[in-house]
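Got a structure for you, written out below as structure tokens; questions coming shortly.
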Amino acid sequence: MPCVDTWLRAWLEEDLGRGDLTAPALLGRHGRAHWLAKQAGIFCGGPLVAPLFRLLDPEMELELLVAEGQPVIPGQQLLRLQGQAAALVAGERTALNLAMHLSGIATATAALVQELEGCGVRLVDTRKTTPGLRLLEKYAVRCGGGGNHRLGLDDAAMLKENHIAWAGGIAAAVAAVRASAPWPAQVIVEAETTTEAEAAIAAGADGVLLDEFKPQQLIELVPRLRALALQRGRPVVLEASGIQPEQLRAYGSTGIDLISTSAPITRSPWLDLSMRFEASP
Amino acid sequence: MPCVDTWLRAWLEEDLGRGDLTAPALLGRHGRAHWLAKQAGIFCGGPLVAPLFRLLDPEMELELLVAEGQPVIPGQQLLRLQGQAAALVAGERTALNLAMHLSGIATATAALVQELEGCGVRLVDTRKTTPGLRLLEKYAVRCGGGGNHRLGLDDAAMLKENHIAWAGGIAAAVAAVRASAPWPAQVIVEAETTTEAEAAIAAGADGVLLDEFKPQQLIELVPRLRALALQRGRPVVLEASGIQPEQLRAYGSTGIDLISTSAPITRSPWLDLSMRFEASP
Amino acid sequence: MPCVDTWLRAWLEEDLGRGDLTAPALLGRHGRAHWLAKQAGIFCGGPLVAPLFRLLDPEMELELLVAEGQPVIPGQQLLRLQGQAAALVAGERTALNLAMHLSGIATATAALVQELEGCGVRLVDTRKTTPGLRLLEKYAVRCGGGGNHRLGLDDAAMLKENHIAWAGGIAAAVAAVRASAPWPAQVIVEAETTTEAEAAIAAGADGVLLDEFKPQQLIELVPRLRALALQRGRPVVLEASGIQPEQLRAYGSTGIDLISTSAPITRSPWLDLSMRFEASP
Amino acid sequence: MPCVDTWLRAWLEEDLGRGDLTAPALLGRHGRAHWLAKQAGIFCGGPLVAPLFRLLDPEMELELLVAEGQPVIPGQQLLRLQGQAAALVAGERTALNLAMHLSGIATATAALVQELEGCGVRLVDTRKTTPGLRLLEKYAVRCGGGGNHRLGLDDAAMLKENHIAWAGGIAAAVAAVRASAPWPAQVIVEAETTTEAEAAIAAGADGVLLDEFKPQQLIELVPRLRALALQRGRPVVLEASGIQPEQLRAYGSTGIDLISTSAPITRSPWLDLSMRFEASP
Amino acid sequence: MPCVDTWLRAWLEEDLGRGDLTAPALLGRHGRAHWLAKQAGIFCGGPLVAPLFRLLDPEMELELLVAEGQPVIPGQQLLRLQGQAAALVAGERTALNLAMHLSGIATATAALVQELEGCGVRLVDTRKTTPGLRLLEKYAVRCGGGGNHRLGLDDAAMLKENHIAWAGGIAAAVAAVRASAPWPAQVIVEAETTTEAEAAIAAGADGVLLDEFKPQQLIELVPRLRALALQRGRPVVLEASGIQPEQLRAYGSTGIDLISTSAPITRSPWLDLSMRFEASP
Amino acid sequence: MPCVDTWLRAWLEEDLGRGDLTAPALLGRHGRAHWLAKQAGIFCGGPLVAPLFRLLDPEMELELLVAEGQPVIPGQQLLRLQGQAAALVAGERTALNLAMHLSGIATATAALVQELEGCGVRLVDTRKTTPGLRLLEKYAVRCGGGGNHRLGLDDAAMLKENHIAWAGGIAAAVAAVRASAPWPAQVIVEAETTTEAEAAIAAGADGVLLDEFKPQQLIELVPRLRALALQRGRPVVLEASGIQPEQLRAYGSTGIDLISTSAPITRSPWLDLSMRFEASP
């Protein structure tokens, strides 16, 4: 995440505006604080806390007590901080907002991943991410045990209904993209019917996204699609989407490779964490 | 929101990366699309959609069918778009992500505000906001009928336990901030006990945040604090926080002025919206 | 002042352009220098000098000999520097420009503040500030013993003649702003007549700016406004503006709370300071 | 001035912060306004006003009534504006701050230039400029009839006492800079004694800055330096600095080419201008 | 290329610095100009010329006479421009520099692609690109008939000798990357020996880069690798690199899929183009 | 080069995009590497390598083995690196791209400069530089023993055919520029005929660019122009351009001061360098 410092600075400035009005009352003081979990969940975002506070106080000391992606219980200490009081106060909210949001995503992901345990299917995210936070939210999904789908419109091509209509069919759409894309770019086709799925494989798609198929349909369809792909000497990645959390397990045993879902990002509450200041040393 | 164009551009670039791989297949085509609500809720973010798509196609035409902050029902059309196919595809996800997130917040806010209807208490947000989205999330709270607390550390001073400890008491802390802050800046004190609340008023605080008091305590305390303030010829704004959604109504009748809660921002799922492409003209 | 490093970098680049042409002649050399006051006044900007030179030479050593906001006399040493010769030369002009400008403002402020000594009235600045330098100029005003008015259009609302005309009266204008502003935002009304001032208080304004009233008028008006405010259980901050420096004292004894003036920023000459290089060590 | 739009945007954001709190009260309204001079002086900055307001309202109409660099009298209308009320209010202060500051510089410059009228000497500025405003302040000097010295450390080399000491003499310093600088870069030497001035010419300097010489000394020195330069087949530009405004005329008749002074930028009050809103159409 | 406007602005500012010194002599004038090819080659960069000049004069009219990627002959007109004289002069050099550089790359690519005609092998570029120009240089390669390899370190993983050593073997390295990368990311292994190439296929690599193999070796190796891949039910992309231009054809008939070469970017001279001003209308 | 860190960061981000996919396989490891020359030439860019890698690993250790602008032979070690493996891999390509490009320019410059040895003529570059790299490319020219012409449109004025036509003649054009330019800015006139060259001198030009004159013409013309300049008491810099590399020597003995050529920048191949990882410590 090469730009993370730039983001942290911008987020601090969002909260600080023209400067913390209470800073003059804290000048010259030093303090200690720690973070507590107030809920059970998966902790995520810990490695961002030190760089954030060091933008405010380059001498800030921080000890992480919980490794990234690990479960925490209510009351558990997560990290310890020591440095300028004005920096502790100025960074508190931004750092917590970030970690609570990411930990909420990791926690929700872990719950879904556990649901699929033993199925041999990988749970992956989508491009439904909060504007400005995609890389970090996708990182939180990995911390929760999930995998990532493409990171943006530029690192794999997904052809949807409208692309296909405009290009004049699946084969034409796949060919148009292959002609201009870098060779390592995968081409995925979104299919809503069996016919579309078969046409995608015939057109040489690297992946097929099977949208809103029922588990029963997939149980029948998946082996047929794999056989078709085999005939063409080219394996295909099969992905199911449009699935409610409670149906995950049913889909997990259909033989597909991936289940993609936006739920851990779009439907998860923040994990409740707080920062406690300690009696001055 | 003076920077909104800068943000929209950055969010588009987050999704586009080095460019949409499917764009060459769409070059030169035009299309139409509309947005649908897939859930009931409050629509928010509509006015951001046109500027976002116009960064991709300055000629994009957009007709908003729902006013900001209005309720929508499943299946309802929200807006209509017409322009370059490549721009419609490139902007779709970012625009929806933004509107779904903001509409989720507005919807959750409206539910809480309705809970308080008739109490004469204003529901306001906090500084628990997603990094990078504070102004827009606070705008969504207003669209849902809530009010805003301070926007950052620079436009009002809130003195917490640690400020008070470092400054050597409430009176000293208030005085230190007043001495350096611009005169219109309000000074608010967070109180966890009755004694602290009274000391805050004695120190001339403009507002007192009564954190995790029980409704019964407030019913007794609020009039006493108001009387104290009156004696000093200076009214005080009384705010309650740390309240679970199901208790809102109980707090609403304690005589306080404000209830602050982060729930609409930290615990709301996105509102489900989608974009449908239409048969080409 | 969270962005100060960004500003310092931009200001250095303004002077350096594509690079100091004399730098190659200085490469590898180290030097010492000190700053001298060439005029009496209040020194301001000292804490900015080290961060500025460290952008050019991270090892630059700097010893501040005068505390911020303290008076200096002609010939007095202000600070001592030691580091790369190329950095000393490249930063000299920008650092001096900044400190001379800010010290000029602090000096002019201190003169006016002294004029008001013992009156119990606070001298505050306005939004008439040099583009790009508002936070630093307002800081210089504080160093000179003055106070700050609002920092921008977003941290308090001042309703002027035109707002009132467009909104349809003072009460309507105040109500419109209160409805959308964050609750801690103060609402101030600019009044040019006694009637307007009274209407402002009736409308619940937090402050009234009494523009271009004469001292005699204020002596009669101020107690009346305070009584009106008291009746409504809500104190009001009374501010006078449009005052010539030579009349300050007359206004100081009218009972108002604040006198706002742009003079220290818009009419002050720079304080003359210079940097002297010392014989090489 | 290629970056002027970037600057205008940053300056507006400095005043707007998170947004004008009074904007909601103005939404949807249009208005008219004009600018008035409240003092006599030289108007400068007019061409910046339209681009500034158009960042807030792209449809803003503006009619300039006074050409850049022209004298104005108290009460004179300078320009007329028509557009969104919220944009008029949001841009007013920033636009006036800029124009008042620049007009103050142009006015002060014009007074000094008039002093020198008929002397055949050009008045030029220095690098003592307000951080962030150099190009505009130097533009204001031109509007007031002055000329510009170098714009930064990169477009001409000025060798001062310390350069000379570090390089081991004037000849060595000039040679070191010539060896690395682009060929069109002029090399100027600052001289405080006659000997230094002669050495500068002997070293092939393109210009000599004669610092704090008395008029009598210059009358004798200037022809001697010109003769020396002629012998070497290379004319030299002779510049005097360190001059009090009241001595300008005395220096004007010494035969030098340029007088450089920072006074119009470091010692000029802003020119008083104001914006008046008109009864709505 | 979403950021192209930002780049064009930065490149103009690189040449303009504090502003074209000749601009005042051109103010208010309009002119016409055209571009001429002075050498035969492939024209590339045409669509960038209008946006570049419109940053200087939004009314600039431009007619492109040659389509992107088309051959041109000496003396051929490439495009025609009409607009403000100051804008024509200010943009000339930057626009030509860009188009001459890109056209040089397209021309060199086309020569190599022609060499390979009929071989069924695709010529692709590498990550050896001029800092700051990667997307445009890769675009120029496509204009010359070549294809693109990955665009950066983030859109496909290439495992080299050192990755393999650190990870403890090819299989471990491939597994480590697959575990964390988004699923559509291809994993390519660079092989310098037959054993390594076979191990890469056994490890499930999507592509194998055969570095500095001789044509004879490849003729024997390629079918063996393909058979191995077929056994594993997973096709592999075979790429040869480290090839001198004169050997291209020999490699073209070895059965590989891709030849990657940096030569069109690192070894191509600019194509000579010039801009001619026409007698004023 | 004040912005060099900003550039290095942007160039790294161009290659890294959303992050090196192989980084997770390298986490926690350290490594050593060195750079080798694979061709003979002049090494340039060495001092940029450490700052570039330190953006990725602040603890990266680097030992430069070859001074800037020195010749290197095939197989020679250029520098040694030690630090985090992930940083070595992430920075490798960008650092090499930069140094190979700059070394190619220095190498090509040195060859031309050697051609002119003993002529007393200085070889200088032009404004034909790769967009975004001007300062570094001009620095590479200096490393190769050449000199720099003006750095941009703002630090000297060159009047060409079209300026002269628009201004109504050479004298008018020179006068117009002198009137508005800072006094140290040189004015150069491009002449294509003897008459134009003489007119330029008569108009007081500081330099005359003699474009596409033949050596024979120059041998006759140069002394005449110098005499003319001498009569006017003002030396002139005479520059020849439009010269093929093979004619350099012929031009070198015509008495001109400068030969300007873009060839080292527009026609030089990169110098082949590579980075070798060493067996882990």
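Order of writing sets the labels: A, B, C, D, E and F. Residues in every chain begin at 1.
The rule we apply is simple: contacts are C-beta pairs under 8 Å (C-beta built on N, C-alpha and C of every residue); 3 or more make two chains touch, one makes a residue touch a chain.
Computed from a prediction, not measured in an experiment: that's the story for all the values here.
Trainee: Return the chains common to the contact lists of chain B and chain E.
Mentor: Output, common partners of chain B and chain E: A, C, D, F.
Trainee: From the options A-B, D-E or D-F, choose the one that repeats interface B-E, i.e. more than half of its residue-numbered contact pairs are shared.
Mentor: Interface equivalent to B-E, from the options A-B, D-E or D-F: D-E.
Trainee: Which whole number of Å gives the spacing of the CA centres of chain E and chain F?
Mentor: 23
Trainee: Could you give the separation in Å between the centres of chain B and chain C, each centre being the mean of its C-alpha atoms?
Mentor: Comparing mean C-alpha positions, chain C is 32 Å from chain B.
Trainee: Quick one: report the Å distance separating chain A from chain F, using the average Cα coordinate of each chain.
Mentor: 46
Trainee: Counting only residues that touch at least two other chains, what does the list for chain B look like?
Mentor: 16-19, 151-152, 154-156, 180-181, 185
Trainee: Classify the chain contact graph as line, ring, star, complete or other.
Mentor: If you draw each chain as a dot and join those that touch, every dot ends up joined to every other.
Trainee: Taking the complex as given, what residues does chain B use to touch chain D?
Mentor: Going by the criterion above, the answer is residues 1-3, 135, 151-152, 155.
Trainee: Within their complex, state which residues of chain E touch chain D.
Mentor: Interface residues on chain E, with respect to chain D: 12-13, 16, 18-19.
Trainee: Quick check: in the complex, which residue numbers of chain D touch chain C?
Mentor: Residues in contact with chain C: 7, 10-11, 14-22, 24-26, 29, 31, 85, 88-90, 93-94, 96-98, 100-101, 104, 127-134, 151-159, 161-163, 165-167, 173, 176-177, 179-181, 185, 266-267, 269-270, 277, 279-280.
Trainee: Mind pulling up the chain C residues that touch chain B in the complex?
Mentor: Residues 122, 124, 138, 142, 147-151, 154-156, 180-186, 188, 206-207, 230, 233-235, 237, 258 of chain C touch chain B in their complex.
Trainee: Of all residues in chain A, which touch chain D in the complex?
Mentor: The touching residues are 17-18.
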